[in-house]
Amino acid sequence: MTIENPHVEKETQLWVGPQHPGVTGNMAIQVWLTGDTIQRGITHVGYLHRGFEKLMERRKFIQSFPIVCRICVPEPDTNEYLLAASIEELGGITIPEKAVWLRTLVLEMSRLASLVQQIGGGAGATGLGAVPNWTYTLRDYILDSFEELTGGRVYHMYMVYGGVRRDLPVGFAERMEATLRKIEERLPYIDKVTFQSSVWRERTQGVGLTDPAWVKEMGISGPAIRAMGFARDVRRDFPYLAYPELDFSVITSTGGDIYARMEIRRHEVVESIKIIRQVLQKMPKDGPVAAPIPNVFTWRIPTGQTYVRAEASRGEMGYYTVTDGSDKVRRVHVRGASYVHGFAMAERMFEGLNIADLHPTLVSIPTCPPEMER
Amino acid sequence: MELLLQILWSSIGVLIAVAYGLLTGGIVRKLFARIQGRVGPPVYQGFIDLGKNFFVRDNISHGPMFYFGPALRTAGGVGIFLFIPAIVGWAPGENFSFAGDLLLVMYFMFFGSLGMALGGSAGGHPHTPIGAGRGLSQMTAFEVPFILAVIALVADTGSFSVHDLTLAQAGGFLEWNLLTHPFAAAAAFIAMLGMNGYAPFNVVGAPNEIPVGPMTEYQGGFIATLGTGRAIFAIAKMILFMDLFLGGATSILEAFIKVFVIYMWSVAVAAVFPRYRVDQSMRFFLGWPALIGVVAVLLALF
Amino acid sequence: MSLKNALAPFGIWARALARPYTIPVEDIMRAPADRYRGWHTNDAEACIGCGSCSDICQNAAIDMVVNRDATKGDTGLRPMVDYGRCCWCALCVDVCPSGSLGLSSEYTWVDKDPEVFRYVPGVDKKPWDDDTKGWHGGEWDLINHDRVPMSMLPGETRGQTWAEVVLGYSEEEAQREAARCLECGICTAACPAHMHIPEYIGAIRDGNYEQAVNLIYETNPMPEMCGKVCTRRCEDVCAHAKQGEPVAIRWLKRFATERFDDLREVIKADVAPIGVGKRVAVIGGGPSGITVAYYLAIRGFEVNLYEALPTLGGATFFGIPKYRFPMPSLEKQVDMLRGAGVKLHVNSPVDAALFEELRSTHDAVFIGAGLMRGKAMRVEGEDAPGVVNALTFLLEHHLRNNTDSDKVSKEPVVLPGMKVAVVGGGNTAIDAARVSLRLGASEVVISYRRRKEDMPADWEEIEDAEHENIQIDVQAIPLRIEQTPDGRLDLIWGPAEMVADKPGARPKPVLVEGVENHLVVDRIIGAIGQGPNLRWLSPEAQGTIADKWGWIKVNEDGMTGMPGVFAGGDLVNETADAISAIADGLRVVQGIPRWLGLQ
Amino acid sequence: MGVEEKGKVPLLPSGVPVGSKPHATDSTLFAQGRPKPLSLDESVAFIKNWFRAQSLNVMAYGTGCGSIELGPLGTSRFDMERFGITGGPTPRQSSVLIISGYLSVKTLKRVIRSYEQMPNPRWVVALGSCTINGGMYWDSYSTIKILDQYLPVDVYVNGCMPRPEALIAGFKDLMDMIKRGEANGYIEYQNNLDWYRANQRKVIKDWNLPEYSW
């Protein structure tokens, strides 16, 4: 790649990443600086590329489930759900009521874990050591619940087509409630050092601004769009699973800066906790967790295509799936929110940003490198 | 002969200061860890880190200036320590405070940062000039309230000698400049936040922006030297503040306690705040703290 | 910057006094959740080496390695897990048909050497082998354990009709059942004829029935018979059978062959005509004879088949009742023989002279004469009138009803309203009982020495018989038969208790002394086995090819001690079922050309 | 180079490879530049190794998905700092390189650069299946499969992902090995530089790294 640079004498070229404690993962930002101010920046990826979409074309439907969850490491379940939902739609499987609720539970738990982690990341990016320590612990408590429910800590591989793989363990609801209370108990402390802290507000307010005009141009979603006052949420706009039966609000904010985006997350944590409580309460007690599924080795799905979407903590995730009557998918395209955020939007936001604000901005939009490259 | 004895005593003093600096650093890490909900490293971890860094082989060099950086930095710390009295009224603890005054000490303070900037820049890593630039600009900013506070004290006492400034507060804690010159003390203690390089003024080597600023290219023995310098630098600064505002110390124990307490002020702030950008921290120091300093000077003069 | 906002953060200093979140050092290796997916465990004894885990592993982390000798229903392979590949998705556990594979809850394995992370669970001893926690199958499985139910005539009415009891799968049902197959191939190994079972089931699943029957015909010239009455060793070892119902391999074969009225148009035998100009004589038109005749004929041999009875089929003709295997099905397979160019000589018993002639005029002779002698019960009063052998009973019955043979009496053995007792527990006993029922017997009782689970008869047959209200008395040892004053028969039997025999063998029934039960019936049918009958051969020939009991010993090509004379079927093998006979035939089909130097 | 020869490893004369690894036949894949010979004055090795082991700096490079578990490990719940393990912000100040799972070829190039910039003694901890034999990306076109061929690995921690507890166990193992003087991957790397370099150059098509990244 050749990059035209008319100010080459006046600018410092700097690579932020891939080996850098500040980037959100294994990715790189190439920036040109004058002083501390970024003139331009380019996102470089490919460091985490594994070719998931290609790998899936070589795997039977059931075999794709262990790999899709690796697409987004902090929030794997959305991927599992989307693949399962696409295959079920194309293959004509209806999942039982209990599975619907269990899937909603898992999706919301993973959103919660991811949101909590992002709050910590946003605070840590500005140099606050305490918040990430707490939030990682809180996330770990949620991971404990995941482990109990799904048998896996980070990668759950819990949903497959037909439903989910195991029922709730005995006493899960109580232990989940205890975890939720721990999160709620910690939130005021987080507020004190972040949203109420003068220094943190100075660091984040009016920084990393987004422009509402970009929404249509780039397809922004998630906290980034809600921070500009647009109440867009896939859970509300295109309801799926049990979300229509749940009471929750779509949080919006104005300002379009880091503060607004982090504030949305903080309130979404509360909403998410509310949703999980409702799910645990409304979930049917009995019933099968999975529909009978065709032979996993030989099942073929007739020709078809579909786009299924869901709300991840980062925005809209979608799977565009094409089948051709064989026992493998013909093509899967994974639409991750981070892709839009990390390339188009981030590169526009870099212009005029202080180098010190680069990392908080990246965390707040947010970007998840494995999802960007798949 | 007396000079030789003084050199011996001061050398021991430097070693004690380094040890105490490392220990305090360990306690600080432990305190940070507790706030973060952790157990934290053992308090002696600083010593192990130091030892380990000495036992790491140095691979690279970027020319003589590169070696100079850590040396200057450490020299700055040792310099401050040597020219202020650690323990007033006890010859071994007085160091060479008879030989230098406050201006020399402040020069040493500047000396370390400058050395770091020069040495680091020889490494050629882009993080270094950015960090050094930040460090120097931030230093010019926090020097303003600090110097104003010092001017206020000097104007009142009429001497640039730290020794004299300390002796002037000798009549019990009511005589301490902390109470007699509250505005000067406020300005100086706010400036101290910047001097110590803890949050919110640690943008110089911010690990997740420009890891770790001027020190990016340093390793092994260099880091160990820098660590030693940092330990003594921190302690020397605290002793300076103790001498200027808390009436100095008359015994080793008193010195330890006072140094620790002053240190904790910086830590208390650092643990709960994120870091300012460099423009913000400059704006901060040149705002209220500078104004307080001006008020202190005015009060001292009239 | 308001003062409140400047001071608010200091509030978190309160946290410094609270207990840290940190897990103490001594508890750091905490126990994971009950379901945690850790290292693999495998019950190596329960494992059947089907390889489903290896198939489903998308990481190619599981290899099947030879671990022990293969037996029927166990490939001898065991999964070796490579932790350089594994991702602990546990799909292998959820798919494991035997339920032997599991994941323990151990999770720490640190080593310097990358080569050690590869082991055979359950065989290479690991500390976590006995961990009961972790992820195990059973709660929810990826495979469907339930077979598609077969529609049958209702049990209450079918005792009165000769119509076929089993109605067969519809196309949708067959495809659904075929889709259950895991394609592990254990069945192929267990089948005496090594039929291409997963392959033709796959073809049925895909709706490719022509391919299915062609695959079937590669190793079995009587698939419709096997599709209806096979003893199906394959289903016994089916991987599904470990935790659920085996795939209905037999019914699927039946479904495929029944799709076509005339198989001659469908079967495309693609073999080299190696035998042109060679002549082979086949004695006996049972399964083994048909197999030899058919496969040699399509290889270009000139085949003459001699059958003593008026129709081909051997034991499958006279031994199997027509409600299980109707005549049209048999005719269809005889047609295939004709189509292949086999010269059929029915009603042509072979005697010693003809045998010698055949030997001299043909390049090879095959003897598939079957077991034509019913074994005696060896109880006192066995020769009383009204006591018949099941073989005789069934042969007479079938000849009378299906041929114009004049060698049988016009009067059936069992008359309407009679009460019949059948002694024995094999398929023949069940057949005799059910035929008696259809002949109008008012009550039929099967009397067997051991327990019901020890009965050699097919479990489905036993169930069917019970549905038809046939009573089964178990652990009943016949003692003697007495004639009652009113001309009926009294089967006197004593109860048996089961005593454990040497390991691996079935428990032995031992008579409980002093107790005598009476079963008064009109007819007693003895069905306790059959034996060879080679009296049609000259004594010298008998002595050359058979042992003193009349069993024939053959080499690996199926050749007897007499050069050029081959043998197969029930005379040779001990299992005495059709598929083994076909397997013998297939051996000879390979053996004759090899002996003639044609390969 | 085995453990036995520690302390008297033959130093590399320029261009003549020494060591037990099989060597590439294509000499164009060799390294032309040479690392500085190790000064092997290990007179107080026990003390030195003890200090080195008790203070490990993990280079902050999340090369793969395994780095998600480094977060919990470093923060309150598992708190690796109490074992003396801290994060190293730059390669210069790090002693442990964690390869957290799969490595794409593009990352491998950066990892090599980072690894060679780390001062001796340095250690590599490999996490997860992917580093052992390709893991779940065994058939991916963009990842390397066996890390051992490209970098000298001292400790493998198995799992996908290894839990933080397993990581702690791995670090403890590494510490013990360092104290016993057995963690000698870096010596192996220097002595078999040609072998490693040839392997690296085979997969990295656009090799534009310095001969040895100081």
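For clarity, chains are labelled A, B, C and D in written order, and residue numbers in each chain start from 1.
We adopt the following convention: a contact is a pair of C-beta atoms (placed from the backbone, for glycine too) under 8 Å apart; a residue touches a chain by one contact, two chains touch by 3 or more.
None of these values were measured; they are calculated from a predicted model.
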{"item": "Selected interface, C-D versus B-C, where C-beta contact pairs are more numerous", "value": "C-D"}
{"item": "Innermost chain by mean C-alpha position", "value": "A"}
{"item": "Chain centre separation (chain B, chain C; CA means) in Å", "value": "89"}
{"item": "Whole-Å gap separating chain C and chain D, where each centre is the average of the chain's CA atoms", "value": "58"}
{"item": "Centre-to-centre distance between chain B and chain A (centres being mean Cα positions), rounded to whole Å", "value": "44"}
{"item": "CA centroid of chain A to CA centroid of chain D, Å", "value": "32"}
{"item": "Residue numbers of chain C (touch at least two other chains)", "value": "9, 12, 15, 20-22, 32, 58-59, 87-88"}
{"item": "Shared interface positions of chain B, touching two or more other chains", "value": "33, 35-39, 207, 211, 271-273"}
{"item": "Of all residues in chain A, the ones touching two or more other chains", "value": "20-21, 66-67, 130, 133-134, 137, 153, 155, 193, 197, 199-200, 202"}
{"item": "Of chain D, residues touching chain B in the complex", "value": "36, 38-39, 48, 51-52, 54-55, 60, 75-76, 79, 81-82, 84, 86-87, 89-90, 92-93, 95, 117, 119-121, 214"}
{"item": "In the complex with chain C, residue positions of chain A that touch it", "value": "59-60, 62-67, 130, 133-134, 137, 144, 147-153, 155, 157, 160, 165-167, 169, 189, 192-193, 196-202, 289-290, 292-299"}
{"item": "Interfacial residue positions of chain B with respect to chain A in the complex", "value": "32, 35-38, 126-127, 129-130, 133-134, 199-200, 202-203, 206-211, 271-280"}
{"item": "Residues on chain B engaged by chain C in the complex (per definition of touch)", "value": "31, 33-39, 268, 271-273"}
{"item": "Complex contact set, residues of chain C against chain D", "value": "20-23, 25, 28-30, 32, 58-61, 82-88, 107-114, 117"}
